[in-house]
Each structure stands twice: as structure tokens, then as C-alpha cells.
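Next come the structures, one after another.
Next come two complexes, and both contain chain A; in the first it sits with chain B, in the second with chain C.
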Partner chain A sequence: MSAPAAAAGGAAGAGRYRQWLGLAALVVVIVLVPFVLQGFWLRIATGVLMWMGLAVSWNIIGGYTGYVSFGHGAFFGVGAYTVAILMSRFGVSFPLALVIGGVLGTLASAVVGPPTLRLQGAYFAIATWALAKAFEQMANVLGITGGPYGTSLPPLINDHFFYAVMAVLTVFTAVATFVLAERSRFGLQIKAIRENEASAAALGIHTTRVKIMAFAVSAFFPALFGGAYAYWVTFINPQSVLGDPITDQMIIMALLGGLGTFWGPFLGGALLYILKEVLWIYWSNGTAYLAIMGFVICLIVVFRPDGLISFFQRSNARQPGPQGGEG
Partner chain B sequence: MDLFLQTVINGILLGGIYIVLAAGFSLVFGVLDIIDFAVGEWVMLGAFAAYFGQQYLHVDAFVFLPVVFVAFFALGYAIQPIIFRVVSTKTHLPMLMGLVFTFGLSTLMKGSALTAWGYNPRSLDTFLSDTSLALSIPGLRLFAFVFAVAATLLFIGFLYRTRTGLAIRAAAQDRDKAALMGVRVKDLASVVYGLYAGMTGMAGVLIGAIFSLSPQMGAKYTTFAFFVVVLGGLGYVPGVFVAAILLGLINTMTTVYFNASYSFLMVFLLLFLVLIIQPKGILGRGT
Partner chain C sequence: MVESASPSLRAEKLRKRFGALTAVDGVSFQVAPGEILGVIGPNGSGKSTLFNLVSGVYRPDEGQVCLQGKSITGLPAFRVARAGLCRTFQIASPFSKMSVWDNLRTAASVGFWHGHAERAESVLALLRLTHLRDERAENLSGGQQKLLELGRVLMRDPSVVLLDEIGAGVNPALKDQLAEAILEQRRAGRAFVVVEHDMEFVRALCDRVMVMALGRVIIEGDFDTVVAHPEVIESYLGMEA
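Up next is the complex of A and B:
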């Protein structure tokens, strides 16, 4: 795995292995957590994993490619509803339903991606947002989704099982994103599109195809997480899996950690989710979380637009690493 | 036939309020290149300002229309330098940063309002609250319509008939060149954002008087503002007249002839389709 990576990049050998070491450390921590945490805290850890994975997937289109999707919750919802409907109405087993959910989420993105990705900047943001709202309203009026009353899944109470599912999905997302965005031609192509789309096209990059691929990849993982989430919480409705907060948090976590960086979304996802849960546990307050989150976003945008990860990168600045590509 | 006529009238009256909601929003996009996610929250805050004013002073809610305009103008004027700084940073995506900043602002406003005032809806009282004219045109809605259209016409008159308005339109076309011609773009940006906050706050008072107000009301009006501005052509202020009336008609038509729950689905699908097919708006005059 590391041989082609080292060959592709040239000079900076040590920096590249450090990234793999970081990933390995992440996997070790994820494996060890169930031995330390139980019950409630294990469920918190499961949530942390899910949100890290979601932030990492949003970062592919929003951070690396520079197309800010305000509608990624739609794909989470497609995955969630697919699993819920297949399991509760058709008796499909969970693993199969999850895979179908992931495929359908990707298909949805492949259908809406081509027309939407012709738009840029604010137009793209509003179009994806409108689309996600349309998905939510669709789930509200369709019969098969149960409308506003939602859908229940066969309940399964097994904290370790869901932790394991989320852990596998998160590690899968992390490794796939790392290889695609940081260690492949595709990664260079999407970054080129972010920097200057016209120049990228002039250099022979098929920008439309690359953007559609990036959109599809970043929709695939949320669909999987949505499916796992539906089975985990056993009851979903349009608001809980298609509402604004899903997309909003994906964006904010990626931004808080650092857009277009590999480790940023992990940091942002973990920090924000833990903040939210702590506020809930100690003050049983969900609305103050909104206010604090909003304030934090404003502060980050004004003072640290490169995200919290930039605090750590400063000390590494002298070493030639893969992160140094920003010029 | 009567039902149809009534539906059309209701739609037009409803659309009038959306005009004032979207006019400032459209200008902010045109001049500052900012999509303000907080537009609905300005509406909410405007409504609440009138509500608390009424609680303490026991006067008609419409007295607060000018008060809210002035206060919100000042607030917007004060906030704008931060936004200007955000969209002028040398990051990858200054536009995105503006979008995310206003999104943070809206989350902050909504979260604070929910924490302070809870989920319960409230209502405003006006001298027109229960009056009704011929063919069941509620006096309140007619007043709101007339006021909204008049305020927006004044606003457009300011844009097209004064030197400041000329400078604003010049800055909208090309910020750098306008600055070279001696337009103080930074100050102007604050005026524009102040005007926008003031107009939107007034829309909040009207909406609060007609419907009800709660800290959660914002999201709906953000949706409507986006819809109206995209349909009218982003940045093209006169376009909001057509688009806002259209939105009002869509709202009442789907509610009367189909089902209220389809109303939002129609709005969002149409918004998406217009963006895909005709991103410059139905009049083709947007930026």
C-alpha cells in the first residue's frame, strides 16, 4: 500500500509515512475504546465515530473540490430510509439493506449531480439546499416512508454491535478518503478544480466527470452512515434524518476542523459532537448548543478560516509534507 | 369562480409581504456578493422586537415599523464590517466564508432566541387585527401589502434616483472600479447591509402581525427569500416583485387546490429547476 504512495510523491518520505501512522493510531484507538467505555459512554463514542465519518465525507466535495453542498443530508436520509423500509417492510437483512442504501444514495447523487454541478458558488449551494429540502418534503408526503409519522425498524439493543458497525464504516471512510484525496491522481484533480476550475480544464482534466465522481463518492459514505444510524435509533422520521441539522453539522464540523485538510474533519466532528452531548447531559439543554455553535462558527470564520487543525500544522510548517500544497 | 378569485387575491396579498422580505436580500447579494442565511432570523428578531415593544408600551404594533427599521439599520450597519472582513480574506473560498458566517449568525440568533423565549408562539395586536373589507379581504393583509409595496418602491427609488443609489449600483457592477471612481465601497457596504436588516426587520413586524411569531419561524422565511430572489434573478431588485407575487400564488393555489403539505415540495422543486434551467431568474436579468 505504501510503496506506490512513496513512489508517487518523490522527496518527502517521512511525512507520508506519518499520515499512515496517524491512521493506524486512529484504528488502534477505535479498537480499544469498547474495552474502556460501556453503556452510555460507548453510545457517545459511537456518535463521535459517525459524525467524524460524515464530516470527512462532506469534506471531499466541500473542502477538497470547493463545491459547497448544503444538501448532503439528503443522501444520509436516502440511506436511512432505504434501510428502514427494506428491513421493516420487506424483511431484508441489515448488511444487505445497508449496501443497497449506500448504492441508492450514490445513485441519487449521480442523478442530481450532473445538472447541479454545472452551477458554481452560491448557485450550487442554494440548488443543493433546495434539493435536500425537496427530499425532506417528499418523505413527508410519500406513503412508503410513513410520512411525518416516520418508520420504525425492528429494534436491536446491542451497544457493541452498533459501535462495531460505525467503527468499520468510519475506518472504511477514512482510508478510502485518504487514498482518494491525498494519494491519488483524483485527489490532485479535485484540488486543481478548487484552485481554478478553468485552468484545471485547460490542463486536460475532465472537470465535469471528476466533479460528478467527487460528488458521488462524498454521497456514498453518508448514505451508509444513514442506514446504520436508522437501525441504531430504530425510529426515523423526515425531520430526524433529512432535516437541516444533519447537513449543517457536517459542514460546520469540517469547517471547524479545517476545510480541505485530511485530519481537520476528524477533529471538528469529535469536538462538536462531544460539546453537544456534554451540554445535553449537564444542562439538558439543546437550544444553548445552537447558540454556542453559531457563535463558534462566527469566531472560526473570522479568526481561523483554516480551522483548528491549523494550530497543529504551524509546528510542522518547516517539514515538507503533503499538507504543504497550498502555496 | 369566487373561490378562484379569492385564492388569487389572497396569493397576491401574501406575495406583497414577500416583496419587502426579499428586496434588501437581493441587494445584499448584488452589492456584497453575500447570500445571507440569516435573513429569516432578521424577520424573527423584527417580529420579537415589536412584540416586546408592545408588551412594555401597550401601543399598536405598527407603531414599531419605523422604530424597528432604524434600530435594525443600526444593527446591520454595525455588523457589516465583520462580514466585509470575512468575504475579503485571502482564503480559498471567500464566498463560502461569507455564506458560512451568516449561517453561523443565523444559528446564533435562533439558538439564543429559543433559549431566551422558548418554543411557544405569540401574536401581535394591531388596530386592523379583526377588520375585513368586501370579498373578505382582511384589512390587516391589505395594509401589510400596501405598506410592503410602498416601502419597496421607496427603496427602489432610493437606488435609482439618488447619488448614493447610483454609487450602490456601481459597486454592484464592479466593486474595484467603483472604488477607483471614488466610491467609498466599505461605507456603502455598511449602508446596504443596514438597509437590508431594516427592511427585513420591518417584514418581520408585518409577518408577526398577520401570522404569529416564534423563535423557529425564521427558517421558513429564509426559504421564501431564497426562492423569491433566485426566481427574480439574484441581485436584480425589481425582479422580486414578480417572483414574490408568484410565490404567494403558488402558496395559496397549492393549499386550496391540492394539499397544504405539497406547498413546500412545489416551492423547493421549482427553486431547484429554475436554478438548473435559468439561473438568471425567470426574467433573465440576474447577475
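Up next is the complex of A and C:
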């Protein structure tokens, strides 16, 4: 290997090492939080974990693959209703219900993925939004879901338990996403599809199959989080687990943090959720906190279009080589 | 050029219509292993559509395409690529946000993963892009992006390569580099079909030239013969010989 190549390889190796170190640091922080925070703030931390995980999951299809899905709330809802129905009506244990919820969410994505992923851009976004609406309406009319009156789950008041559940799910989501999107051929292929689908196909990549796989993977985790959320809040209805805000927040968090980056959605998820909760505490009687959040989001989109993570990334400005400026 | 060998690529009577327009009208050609076939013609003559038919972007209305004796007619682009025919695009289309290295790795990700790192190193060396290995593709000059596109194609070790205006907008130094790389690859038995407007580039590179106009082949032969043909002069330069 030539000297420049060796140096470049060394830099790539150092980058890989830093990424794993970052993941390890995240796990350490997650483990330490319950020793520091209690009560209300532990519940806030539980919410932070859930939203970080949801933003990271959505980023697989929306950020890495470049297909902006407005339907991911549907998979969250499938997981939530699966756990709620299995636990309240059939007495299934939480862990088993959670796994079944994840599987059903993935199956739902595998069914709707093939037709919708043949569309691109705004057409795909609209199709997935319509999908989420269809799921919401189904939950409103089906008897087993409790319709608009919702479903209650067996109550469990244990902040530490739900923090632990969300922590495990978030770490699982983070590691799986890291390996799949950053350290595998699959990751290269989904990024290639985002950059130029025709070129990716011209290199032998079965783009439709890869997109369906990305869609399914990114639907699996929200279904798990939906199931955990349902048990945590003990009552769900179509609006709370299938409404637009679920998907909208996933998208905004990923966008604010940095689309298509690994750490961006963690940052966006944590900051936006904390900002939302803190503002809500101080302005809970009005809607001022929504206006402030909207303003902050506008500022970030205008002045930091690559997301907040770009504050921490090295500048990748052009460094002309020997054949530098023209060509 | 190896005339006697069985063709790497053979297209027979390809036809493609878009509404009332016949973009490619009964075009046949073949290219032997190690041969470089140039395709020239004025804008709108059907060259890029021909590439799209052969590479699986479009399905031909009529005709057949055979790669190494096997029909690839109507196969989707990813299957054509897996069969051993790869192409570049008229407008360079690297994976912009990915590094040069990851562009090459992506090309090898289906079917050519084993030993990809060593192959990527040799492709970078061949194209003199080693110093840009970790640079984002979007930061490369237009010419370097064309080199990278050729590099991606070479990562797949194809038997036939279609180059769509690979030299367009490339400075003379890089163009020489491109030509060197192509000639070296042809010595390994790879066949090339090159759509190009730069006549000097075509003269220096191609064993044979096929001239198209209005979706048809006007003439085929060596460079000096075809450019002297009255019909070529008329259709290409818009004047009578």
C-alpha cells in the first residue's frame, strides 16, 4: 500500500474506533442516568430514549436511503396495539407481546413497502402518509382496538422498569443501525440509492429489494418502541399512537440532528424532546411553547441545513489535489 | 482488435419508439473482446437511447441484445450489470456524499466483495486517484468524477463497458489519463463501446467507429473512412460534402 493510502487507511481506522467509543460512551451514560435522576426527570429521560430510538429508526429509510416516509407512525401504532391487545385480552406476557408487536410491524412494512417504494419523492411521502391515515382509521372502527375510546393495559407503576426497557431498545436500535448502515454492504447500498438510484442499479444493486429491506428494518424498531410505550402509558387510542405527531416528530428530530448521519438523530431526538418538555412545563396552559419550538426549528433549518451534528463534524471542504481545480 | 473472436456484445435490429418518435430504428452492431467501438453522431441521433436499451434502462420494442452469447434483452439494469455489462452516464453521477473509497466499495458490493480492498487500491492507482481516496466524491473536479465513474465500473470486472461521453468537459491531461486507462483495460480483453463527441479522442482510442443519425446507423468502419463519408459530413456538420 502506498504511503498516502496507508495514511488514509489509518484515518479511517481511527474514525471507526471513535464511532465505537461513542457508542460505548452512550451506553455508559444510559446506565448511569437512573443513579442520578429520579421521578419526573427519570420519566423525561425515558421519553428521551424512546424518541432518540424512533428518530434513529426513521433515519434508516428517510436519511440513509433518502425515502421520506410519513407513515412510520403506523408501525409504532401496530406495535402499541399488538402489545395492548395481547396483554389486556389474551394475558400474554409483556416480553412476548413486544416481540410479536415488532414482528407484526415489520410484516406490515413488508406488505406496504413493495407498492409504495416504487414511487419516489413527494409521491412516496404522500403514499406513506395515506398508509398511516388508513391504519388510524382502521383502529377507529375495529372492535378489538376499542375504537376511538381506546384500550387500557394492565397498569405497572415502575419508572425504573420502563427506563430499563427503553434503554435496552435504544441500545439495540443504535447498535443494529450502526452495524447495518455504517459497517455493512447493505449500508453502502442504501446510501448509493439515496445518492443516485439509476447509478446504483447500473452497479448490480437490486434497488427495489434493498429499499424494501431498509423499510422493513426501519419499521421494526418503531413497532418495538410502540409496544413499550403502550405498556408505559397504560392507555392508548388511535390519536395517541397512530396520529400524525408521532411521525412528524421522528422526521423533525432526524432532520434537526442531521439526516443520513449516525449521531444526528440521537442529538435531534434528545434536544427536541427535552426542549418540548421544558417549554411545556413553563407554558403548559397555552401554545407559546409550540411557537418557540417552531422558531427554533426554523433557525436551525436556515442556518444549519446539515443539522446540529454538523457543529461536531470536521469541515469537508475541497482540498485540491495535484489535478486540483479543473477538469 | 480481435475480429475473429465471438462477440462480447451483439445487438440486433434494436428499435425503440417514444410516441411518434422512433429514437432507435433497427440498429445492429457487435463488439469483440478487447475491441473499442466508437459511436458518434449529432445530438438526438439516438446514441444515448441505444446505450439505455443495451444496459437495461429501457426495454426495446424490437430486437435483441446478447452478452457473451446469452440474451440480456429486456433485463432490468441491475441484472444486466450482474451479467457483466457496465456503463457510465453522460452526466457524471458519483455517489456525491460518499468518499471515493466508498464509491468503489459500493460497486463491488454485489458479487465482487471478496478481495474488494485490494482491487480498489489497484483501480485507484490505475486512475491516479489514490491521494483522493478519503475525499467526498462531490469535492472532486468534473474530470476526476468521470475517472471515479470509470473506476466504479472496473471494480465489477465487466466483460463489456459502455462509456457515455466519458471525455466531455474533461481537461486534456485527465483525458489522456482516461484514454490510457481504457487502453490498458482493453489489453486485458475488456470490450468498450464509447459514445463521444471529441473526434480526436475517438480517433486515438477507437478501433472502429459507428455513425448514427436519426436513430439509424449511417456507416461503420475505421475512423478515416467514416469521417470522409459524404452522408456523415452532411448529417454531422449540417453541410453537403
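Quick note on the criterion: the second predicted complex is superposed on the first by the 299 of 327 C-alpha atoms of A that agree within 3 Å, B and C clash if a C-alpha of one lies under 4 Å from a C-alpha of the other, contacts with A are read in each partner's own complex, and residues count from 1 in each chain.
What we mean here is this: a residue touches a chain if its C-beta (ideal position, glycine included) is under 8 Å from a C-beta of that chain, and two chains touch if they have at least 3 such contacts.
What you are looking at is a predicted structure, and each value in this text was computed from that prediction instead of being measured.
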When the two structures are overlaid on chain A, which partner does A:291 contact: first (chain B), second (chain C), both, or neither?
-> first
Which partner does A:306 contact after superposing on A: first (chain B), second (chain C), both, neither?
-> first
Look at A:119 in the shared chain and tell me whether it touches chain B only, chain C only, both, or neither; answer first, second, both or neither.
-> first
Where does A:68 make contact in the superposed view: on chain B (first), on chain C (second), on both, or on neither?
-> first
Chain A residues touched by each partner, larger count belonging to chain B or chain C = B
So, A:260: does it touch chain B (first), chain C (second), both, or neither?
-> both
Touching A:189 in the superposition: chain B (first), chain C (second), both, neither?
-> second
Should A:38 be classified as contacting the first partner (chain B), the second (chain C), both, or neither?
-> neither
Could you look at A:158 and tell me whether it touches chain B, chain C, both or neither (first, second, both, neither)?
-> neither
Which holds for A:207: it touches chain B only (first), chain C only (second), both, or neither?
-> second
Report, in rising order, the residues of chain A that make contact with chain B in one complex and with chain C in the other.
-> 194-195, 260
Residue set of chain A touching chain C in the complex reads 1-2, 4-5, 8, 11-12, 185, 188-189, 191-192, 194-196, 198-207, 260, 316-319, 321-327
Provide the residue numbers of chain B that touch chain A in the complex, in ascending order.
-> 29, 33, 35, 82, 85-86, 89, 91-93, 95-97, 99-101, 103-112, 114-115, 219, 223, 226, 230, 234, 259, 261-262, 264-265, 268-269, 271-272, 275-276, 279
Which residues of chain C touch chain A in their complex?
-> 55, 57, 76-78, 81-82, 86-87, 89, 93-98, 101-102, 105-107, 109-111, 113, 121, 124-125, 128, 130-136, 139, 141-144, 146, 152-153, 156, 169-171, 173-174
Chain B-touching residues of chain A, taken from the complex the two chains share | 66, 68, 115-116, 118-119, 121-123, 125-127, 129-131, 133-134, 137-138, 140-141, 194-195, 244, 248, 251-252, 255, 259-260, 285, 287-298, 300-302, 305-306
